[in-house]
Every structure is written in C-alpha cells, then in structure tokens.
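Labels run A, B, C, D, E and F following the written order; every chain starts at residue 1.
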C-alpha cells in the first residue's frame, strides 16, 4: 500500500535506471516495513531543469555554469 | 477549497474522460463535504508507464507481458 | 493503479465521510477509466485551517469572519 | 531544507517567470523562517489545461468561453 | 488557480509566519503570473523532524548534533 | 537535489525504521543516478488508516477484518 513519489530532473534518466529506482524503493518497503510489494506504487516525476530551483537558482543555470 | 490530485498512467486518456473525472470528484466534494465547487481544484497527472512501478515492475513491462 | 490524493481542511470530517470519498473516487476510476479497484489508492490529507490559504487569507481567519 | 511545489497551468510560462517564482519563494523561506537557501528546493509543475479542473469545468473550456 | 504546497519541518512555526508564507506566495502568483488570488491555494505541511531526511540523516539527529 | 516523498500508514513506524527508509532511498539516488546526497531530501508522511483507501475500503476496516 505504500506510495512513493520520486522527483528528479529530466536529464537523460534511462529506462533501466527507472527500473532500478522502482525495484530498490519497493524492496525497502518490504524489508524495512514488511509491506506487500503487490500494492506498493512508485511514481517517478521527471522535472525540466528550468522548473527546478535550488539556492535561488534554476538547475538549468547551474548546469551551464558547471560547463564553463 | 479542496484540492484533488489524480495520478494515472498516460495510456490514451481522452479529454472527455478527464472531464468526467473532474466533474465526478468535484461532485463528491459538494455532496459528501458540502464544499464550494467554485474553489475546488482537480489536477490530473498523466505518468509514463516507464515511470510507474507496482509490485517491483514497471507498468510498461506489465503491459508487454499482458499482450503475449 | 491510480493514486488519488485529496487535500481538505481538518474541520470535523467523519469516518463515514472519508469512507464515502474513498468509495466515490475509486468508483470513478473503475467507471471512467476501467481501472482495477484492488490497486487503486486514495489518501486523504486533513490540513489545519491555519495552514491553508486562499485569496491571501488563512482559512482560520475566514472562518472567524464568517461567524460574525 | 524546505520543499515548495508550485502547480500552474502550462500557458506559456517563460523561463524568466519561473526564475522569479523560484527566487521569490526561496526568499520567503529565508526571510520568514530563516531557512538555508542552499537546501531550499522549488519544483514547478506545468499542467495541461485539459487536466486542470475548477468549479466542475476544465480550464481549457473556461479559456474557450473567455475568448467569446 | 495555482496550487502551492510548502513542506517544512514542524519546529514551532507560528500562525503569523504561516500567514506571511501564504501572503507572500499568493502575491508572487499575482505579480509574476497575473493569477487571480481568489482561487490561489497555499497548503503548508509541517513534517516531524524524524520524518525528514537530508544527506542520509534525519533532521532530528542533525538538530541534536548542532546543540553540542 | 532529488526529492522523495514516502506515504505510509501510521501503524507504529519506529524512528529506526524511518532512518532506514531515509538512508536506503538516499543511497539509491547516489548509486543509481549519481546524485549528491547533501541535497537529497526524503519526506515521510504517515497517514491515519481511516484516511487511506484501497479497493474501495478504508485500511482501518481491512485491519479489523484481518484480526477476526
């Protein structure tokens, strides 16, 4: 029954990486809380780097600065 | 004032179906809780089947298996 | 698989009203989208009226004004 | 450490407007709550007007009516 | 119509501080995006410091360490 | 920068279990996506069993039935 929502930036996350996130978080619910995996939902939201801010800055700007 | 967030997979949900979800949930708020529909917000998030996991699996994989 | 999150103010919502919200939203998912109710989750968050704002005001203040 | 999620309709919000929302909400956390901006995250979700409902109606329909 | 959800730790946030957060975020929606404040909702979730993690640690532990 | 929100029922989750969920999900972000743990936030919401529905039923009712 647990519901896990993962929010990350949309920077080329592969299908295999998403699979690993889903498996890993579901396993945590089973191992730590003894939850039933059959009703454990994981939803991954990929967010544009213009739409994510940290420390006053858009991530898109931070990525540009990091490339210099 | 209620806020309802509906998360579903993005598998061809039509505009009419979205309309029905919005009307139905708003009506529930009015009938069950006597809320004002004018400030009742419903937001539908459609999620890629690669990004939704249940029972350790991506929904995209479950859909492939179901087609066999 | 749908996940529905309902946010409402914590103003004496009864267990029966919560039951009606859960049944009603689940039924919508089944009737409108043909979803499986067995994996349809509904989560109700009750929010303190000091913590909910609309039109610049806290709901707690709006409730006080309405009582005058 | 605060996390702020802004949900708005996807009606041509510019990169500069998103920047202003991120800066403004982060500043609020610093000024009102003395939070550390370095770990303050702001995530903006842009929602299709078919997927947002208010007062029983889809925003897309309200926009069409407003144009008449 | 915007919906803003603010998640912060439950460390003695006052009613006046919540009021300031609600007013400030609503004003941003009006000034930056020309939104109608009458349908702008702000919801503040206060989270127990045991339930908030950053950098592998619970905030409750970080607060204990900071007191030393 | 990732933000992970875990929603579970409030059925006696211990501080150590919450710690394990925070550590485990943060480790996943580091190992699978190479994210910086210093800005990875995990927020756990514990939901009353009256407020969580699955398969048309409140979890509180399911728990009562399971005890018979």
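Keep this in mind: a contact is a pair of C-beta atoms (placed from the backbone, for glycine too) under 8 Å apart; a residue touches a chain by one contact, two chains touch by 3 or more.
Because the structure is predicted, anything quoted here is derived from the model rather than measured.
S.K.: Shared touching chains for chain B and chain C?
M.R.: A, E
S.K.: Chains touching chain C and chain D alike, please list them.
M.R.: Touches both chain C and chain D: A, B, E, F.
S.K.: For chain D, which other chain has the most distant CA centre?
M.R.: For chain D, the chain whose C-alpha mean is farthest off is F.
S.K.: Can you check how far apart chain A and chain F are, centre to centre, with Cα atoms defining each centre and the answer in Å?
M.R.: Computed value for the inter-centroid distance: 15 Å.
S.K.: Distance-wise, how many Å sit between the C-alpha centres of chain A and chain D, to the nearest whole number?
M.R.: 20
S.K.: Of all residues in chain D, which are in touch with two or more distinct other chains?
M.R.: Counting only residues that touch two or more other chains, chain D contributes 1, 3, 7, 21, 25, 38-39, 41, 43, 45, 52, 54.
S.K.: Which of line, ring, star, complete and other names the graph you get from chains that touch?
M.R.: Per interface graph, the chains form some other shape.
S.K.: Chain pairs in touch?
M.R.: After working through each pair, the chains in contact turn out to be A-B, A-C, A-D, A-F, B-C, B-D, B-E, C-E, C-F, D-E, D-F, E-F.
S.K.: Please output the residues of chain A touching chain F within their complex, sorted ascending.
M.R.: These residues of chain A touch chain F: 1-9, 13, 17, 20-21, 24-25, 28-29, 32-33, 35, 39, 52, 54, 59.
S.K.: Which of the residues in chain C end up touching chain E in this complex?
M.R.: Touching chain E from chain C are residues 7, 45, 47, 50-58, 60.
S.K.: Report the residues of chain B in contact with chain D in the complex, numbered from low to high.
M.R.: These residues of chain B touch chain D: 15, 18-19, 21-23, 25-27, 37-46.
S.K.: What does chain C use to touch chain A in their complex?
M.R.: Checking each residue of chain C against chain A gives 1, 3, 38-39, 41, 43.
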